[in-house]
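Please find the structures below.
Same chain, two partners: chain A is paired with chain B first, then with chain C.
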Partner chain A sequence: MRVIYSGFVVLGLLLLFSPQKMFSQNTAEDIIKHSNDLINQPSAEAVVKMIITTTSGKKRELKYKSYSIEKGKSNLIKYLFPKRVEGQSILMLNNADDIWVYFPRTNRVRKLATHAKRRKMEGSNFSYEDMGSGDSWVTDFEAKMLGEEKLRGKECYKIELMKKPKIESGYSRLIMWIDKSSYVPLQIDYYDEHDPKTKLKRLILGNIKEIDGIPTPMKMTMIDVQGDSQTEMEFESISYNVKLDKDMFTERGMKK
Partner chain B sequence: MRENLLRNWATISARHPIRIIITVCILTLLALLSASRLTMTARFSDLLPEKDPLVKEFNNIIKEYTSASNTIVVVWGDEMQIKTFADKIVPRIENLKDYVKRVDYKIDEGFLSNHGLILVKASDLKKTVRIFDGLDLLPLITHINDNMEETYVGNEESLSDKEKEDNAIRSLDGLEFWIDTMKLYASADSSTDDLSAEKAVKRFMLGDPYFISPDKRTLLIFVEPNFSALDVDKVVASTDTIQTIVNNLLTHFPSVKAGLTGTVPLSRDEYVYTQKDMRITSVVAMILVLLLFILSFRMITAPLLAALNLIVSIIFASGVIAIFIHTLNIMTSMFAVILIGLGVDFSIHIISLYYERRALGDNPEEAMVYTLTRSGAGITIGALTTAVSFFSMMISESRGIKETGLVLGVGIISVMLLTLLLMPSLLILRENIIRRLGLKSAQKPISVEFGILGKVGGVISHHPRLTLSVGILFSLFMLYQAFHSRFDYNYLNMEPKGIPSVALQDSMITAFEMSPDFVMITTPTVDDARRITEKAKEVPTVSKVESISDFIPSRKQQSVRTPYLIQVRKYLDNNRTGNKLRISEKGSLISQIKRLDDNIYEIGQMAFVGGQDRVDAKCKQIIGDPNSAGNGDKINDLIKVINENPEFALRGLNRFQKEYEPKLFDLSWRIADTSRITIDKIPPSILDRFINKRGDRYLVTITPKEQVWNFEFLGRFTEQMQRIDKHITGMPPIFLRLVQVVGRDGKLASALAVLSVFLLLLMDFRKISLTLIAMTPLILGAVWMVGLMTTVGLPFTFVNVMGIPLIIGIGIDDGVHLLHRYRVEGYGKSEVVLKSTGKAILLTSLTTMAGFGSLLLAKYRGFGSLGSLLFLGVAACFITTVLFLPALVSLLHKD
Partner chain C sequence: MKILIISLILLSFFSVISLASDIEMGGYYEPQITSAFLKGDSYILFSNKIRVDLSAERNDNLIFRANFDFITYHGKTSWNILDFIPGKIANSVNTVLQPAFIYEYRDTVFLDNAYAKLSFSAFDLTVGKQQVSFGTGYTWNPTDLFNFKNSFDPTYEQPGHNSLRLDITLSEKYNASAIYFPEDDWSVSGKLLRFEGNLSHFDYSLIYAEKQWTYVDFISLRDINEKRKLFGGDFVGELFGLGVWGECGYNDMELGNNFYEALIGLDYTLKSGFYWMAEYYYNGFAKKDYRQYDINDWSRYILMQSKSIGRDNLSIYSDYPLTDLIDLENSVIICLSDNSIVFVPSIRYNIDEDVDLTVILNKFFGKDGTSYFETQGSGATVRLRVYF
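What follows is the complex of A and B.
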């Protein structure tokens, strides 16, 4: 749950790269490498609305504010809505390897399990890894251009990322559709860790807006194609390269 | 030759009607004898070929494991009331020795009490063992808190799937009971129930023994039959008997509600409603057809004779059908209604022409000879055309469609033969009786004139291009609509509406996140069962997996777990102190109880954000709604009780400790038994559910989370199951296969029917242009039918899709009759043709529609969907025939 939010800050940063900066040789490696380089921006701040499907099939809306520094390595999420979770916060350090949660009513900070990278972020169909853990797309996967395809009316690069041997990841491969004009990923398919033929999830990114000159998908929907649920996330606001105090990303900062 | 045969038969009928009738009576008795062998099945698995691997496996499991069939008594109401209801009703149901093998409504405490901990995963045991390090109240609560913080608050994955959620709820439930009991002792003097401490221990260690929903409002009782679900008589009798017992007991529990569902009651309802539908719709179809006949011809006796002929024909057809098949399925069970709608046409032709000739002065013999020689050929050709298109359905792989083709094909020929055999004799006998009684002589029937049809024919033939343009435009609209038709894959929408066995399925899913439509597989070893169980538990659409491996961990698993059990016993040995709580420890006790409150609150918060509603609801039951802090918090209430009168409360709690400690010690010691579990240690009450009669295969059942009749979910769930093992069977994969097979066969049978009809017409007309003209209204009629279905919101279903090839056989008749008449009257005589033959095809269409329309009265909604499709199809084919055929003929004639 906590990391979810760090996640899409990271994703937002992923979208920082602007088309004019793109390289002339658009090989799969180039596109992924330079995307990855652009992902890692110094800081971001966003207000996010998330809609989850509960186990009894109901929709639940949650809203939180997320802060990110050190190129997405440290993230803090503070719930705003509903009232019941207002003030509850989640701190993720070291690319979400270390996670803490704070409950205002009990005034307790709990350290959660470490190495949660592959786990589902609570209540959502996102795992921490889905939102891009550092430069893993470049270091952990082999990129291959599958071709060009039109998706939702936009010309896209279709790129396959195959997991390199001995790498730990929740997925054996990803297939990404990246808009040729804005270089924003419009869709990502995630495949089973042990079976590259079995699709687990699909992330759909839409409602792309220019924020601080950066094309940003304001809406993301993760669909679990094996289960029967989906999670929607929507940026209500986002700012990049904001000045954030490092003290925020501590136990004390969680309680503020 | 055909004409001579018919002439000779007409003469014999006229001269020896009584002998013929007696012969027919004997034939009918023989047919009745033959038909009595016909049985019925309402299972949709019987619509697939018996040799289909899925069906074969399914039938084997149903035969070998009575646990694969069940009756589920769903009880809902107040917790105490429904538990008492269950305690009272179970012995009564168990007494039904003729039907019931066993009844389950509580967990098997015996086995769990002696071996429970070795069934727990090593990772969970690791966190749990500390709980046994001191059974006194204070250390116990402290260790429970440690465990909760490590298991739930500190691990977001602890609630990540249904099994983990269930475990969390069970733990919280035990804890809730423990807190309630603490409060009871803390606030009571010495009047607590002797069993309170024992109950609290059991609930804490083993959970609520009843199969009850987390909100404690719904309880399930599983009744395992001692017969196979294939035994229809016992299916019906057992369900009715259990329902009576439930109804009787409900009178003593006014606030409790209960109903039956599960495979056995569902089969019972399908069977009973199908049979009832067969009877009701047949009678209604017969009455409607008769009324139409009487209204059209303004006669009474002759239509009654036609009805008698029809009844005898259907009996005869049933007898002939029974030679070929012994069991009617969901699709073929409605053959009588369809034959009534179609078969009456033969009588209409005979009666109509016979009385025309009698009115013209022919004597009975002359009139009958004329009638049979003129209409006999049309009747036989018409019946054969329809039969051929029905028989073309036999190419199908699906038993449902194949047998429908066979039954209706054989049926229509039987009805035609019987009508030619009996109807002439009945008419002659009637005349003989009238003559002998000296009553009025036969007159020409006064049929209702359809002059309007003649006028329509006139207009169309004068404006063929305009008619065709309008018709084509409308057909294009219908085609557009047809492309938007939808298929309703929800099998439950075929079932009778509002019956409890169907409605309760939804209640079960809501209360337990568990659909009663499970899949099954058998394995030769326990290890194989375990492999499949573990794989299935990983699947996100699975709610519950049950197998013998739940009770027999692998050798390796037992080895890994044993050290933890040894540690539990060490803790127990070292901590048999029984120290009383001192007043100085009140602060520590309250602090730990408050910590418990915090932990449960935090679990609830994590569950809320994580969307685990049932865990959240359970937490709310214990600590109240976090949105209104303080209200309904049982833990805070306990703290208040202790603070109000600490000495009194601690005295009570010490009494509680004294009473529960030996029991908790004893149960903990037993539950941590380290001896290896092997198959011979499993009690029959558990083993019998999983092992077959030969003792060589083990059953694994996998229950989905959701209603499987959502087709998208059904497809995904079935694919996931097939990936685990391709031999997995059950209603969900069988239904998916059925939909696929019926869809494919429906197209194939329809194409073959069109081809057969085309070839037959080509042989008849010997001209490709006439054949194409005759086919045009049929093709357009089919398009209109599908377009109209979309327009009125009627979807295709796996039952009514079979109606398409039927419509091809039925809908072609109108065009054939009109074209034949055109050939006699001349191609420019649309007015005459439509006035005369148009009337006949209108009447036959109406009688057919009346027959099919009666299916709308069926409780089984699958029949209703078939009736609607056929009703629209016959109407559409009639209109397209009257509209397009005269226009096309007119153009052809002009050319």
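What follows is the complex of A and C.
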């Protein structure tokens, strides 16, 4: 009897810690955390080219240098091109909850409130929130596994992220396709802040290369699914875990 | 002190000029048409401006920047200030004094900014002619003694001021700035001290500034000089999802009456990208009753020596991105003290990568004698800016 009872206990423990059970309880959050850690390295420095295709079909090219520390929680963007915006910089702290913009022509810094997170950055399809949200996938959203799907020939986890109550975000939910082998997100759909059924934008990530041992999508395209515009973002160079002075992420740092 | 600062500027200038091969050049060309259509008269002024920006960077610790402005004026270059003043007040000006109210736009070439910035881990030292502007307000800045914004076009760049500026990082959340604006001697030179901090999602600052304020008494046509001391502060942050900011300044005057100025602003961005903002500005220097406005009040306001003519002012601004390249903006400025309004709609169109077209219109609605009295008519500014 004791043996049978022990057998049940072992079986129960096995069931409790079986991969299936672990998958259903933790996997979505674990995957998101893994993917988030991959995208948001402790520090990074990059030169990025941005090509905006407007609704009228005109193209605009921008180039900027970006710096991030604290796993993407603090970000600094400095525009290099075109002349119209050269020297302009954007500082995003606390996952873009605090945003400052520096205008070199007037030598003024303007702080933007949280509602400005949803504003387009320099007319692109990327909002401030898209650029500086750091680990908000983990902190501001609840993850749920929707299943597995093949995308562009790669096996992916399909995960839904629902915005937690009282969180200020331009999106009510996200649906992500995350490559099972590398944990790199290959596609993200963004849904309306107040209507989780209305899709606003789709981000396609591609040209994945190993940089400093980290799989990195070198090209990202944000498509406005309700209009005809899109923005391509391409890393011209990127380095991870670089030494960046924290003083850079201040008003003084913005002006340098 | 002035000699010391000039020597520092020259020293910095020559140390950087030795790097001539590394100097980067940019700037913009800006043709502009400024017009005003008054009752029975019209003014159309054409201007061409070229701004040449120079920049040299030896390393992260030493930067030199300068810009030259070349401006030519054509068309109606002679503007009579009295045409923009209520008839009753304008007519009261003695005919002998009337030519003094003619403002001539003359072709000009000047060095707007030229400074060297030395950066160290704990502080930045900036020496030379540089833009110095503070305050969180958009349309008005009560804590800025050194600049006067055009409330119809508040984001236009401000001129440089010859000064010595020290910015110190005290800690991660606290900074301090000290600025000295040299004049003939220490007592009449401008001085500014500013302490800046951060509390949760709020930035705030405390400011002390003093300057020799020179303005014209348009009745006697004499320059008046008096020391003006400002004690003030500003903040910017967020409350109930709205952006909120404010400024307050107490002005201690050597000759005239002391006065307060205060500003409070709110803003919000809707889901559609529609942005709106409202600012209330109290100007204790201005009169409450429009029937007491005199030639001095009007002339100082038109020549941008005072920030508003009426005491209580409200500005409501909105911006809607019509397309990815076109922004529709509208500004309504209301003088609550005298119930007059001016509408300032504008369009900003990014024609090409480095080409912006801006059209700013204005239309006045108010009783004769009020801040925005109707017979001031309407006006337009058409500005093209081509960056190079």
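The criterion applied here is as follows: the second predicted complex is superposed on the first by the 196 of 256 C-alpha atoms of A that agree within 3 Å, B and C clash if a C-alpha of one lies under 4 Å from a C-alpha of the other, contacts with A are read in each partner's own complex, and residues count from 1 in each chain.
Please note the rule applied: contacts are C-beta pairs under 8 Å (C-beta built on N, C-alpha and C of every residue); 3 or more make two chains touch, one makes a residue touch a chain.
This structure is a prediction, so every number in the text was calculated from the model and none was measured.
Of the two partner chains placed around the shared chain by superposition, chain C is the only one that A:D247 touches, whereas chain B remains out of contact. In the superposition on chain A, contact is made by A:E61 with chain C only, not with chain B.
Legend: residue contacts after superposition of the two complexes on their common chain; A:K154 is shown touching neither chain B nor chain C. By the touch criterion defined above, A:K71 lies against neither chain B nor chain C after alignment on the C-alpha atoms of chain A.
When the shared chain is aligned, chain B and chain C each come close enough to touch A:T106. Within the superposed three-chain model, A:I52 lies in touch with chain B and with chain C [touch as defined at top]. In the superposition on chain A, A:Q226 contacts chain B only, with no contact to chain C.
Contacts of A:E193 after superposition on the shared chain: chain C is touched, whereas chain B is not. Legend: residue contacts after superposition of the two complexes on their common chain; A:E168 is shown touching chain C, with no touch to chain B.
Taken together, the two structures place residues 52, 54-56, 58, 60, 83-84, 103, 105-106, 108, 111-113, 116, 119-120, 123 of chain A in contact with chain B in one case and with chain C in the other. For chain A in complex with chain C, the residues that touch the partner chain are 52, 54-56, 58, 60-61, 82-84, 86, 97-98, 103, 105-108, 111-116, 118-120, 123, 168, 192-194, 229, 246-247, 250-252, 256.
Taken together, the chain C residues at the contact with chain A in this complex read 26, 28, 60, 63, 119, 121, 124, 130-133, 136, 155, 157-158, 167, 169, 172, 175, 196, 201, 203, 236-238, 241-245, 267-269, 271, 273, 275, 321, 323-325, 350, 353-354, 356, 387-388. Interface of chain B with chain A (complex): residues 149, 153-157, 160, 162, 165, 510, 513, 539-541, 598, 601-602, 605-606, 608-614, 626-627, 629, 705-706, 713, 716, 720, 723.
Chain A contributes residues 1, 52-56, 58, 60, 62, 79, 83-85, 88, 101, 103, 105-106, 108, 110-113, 116, 119-120, 122-123, 198, 224-228 to its touches with chain B in the complex.
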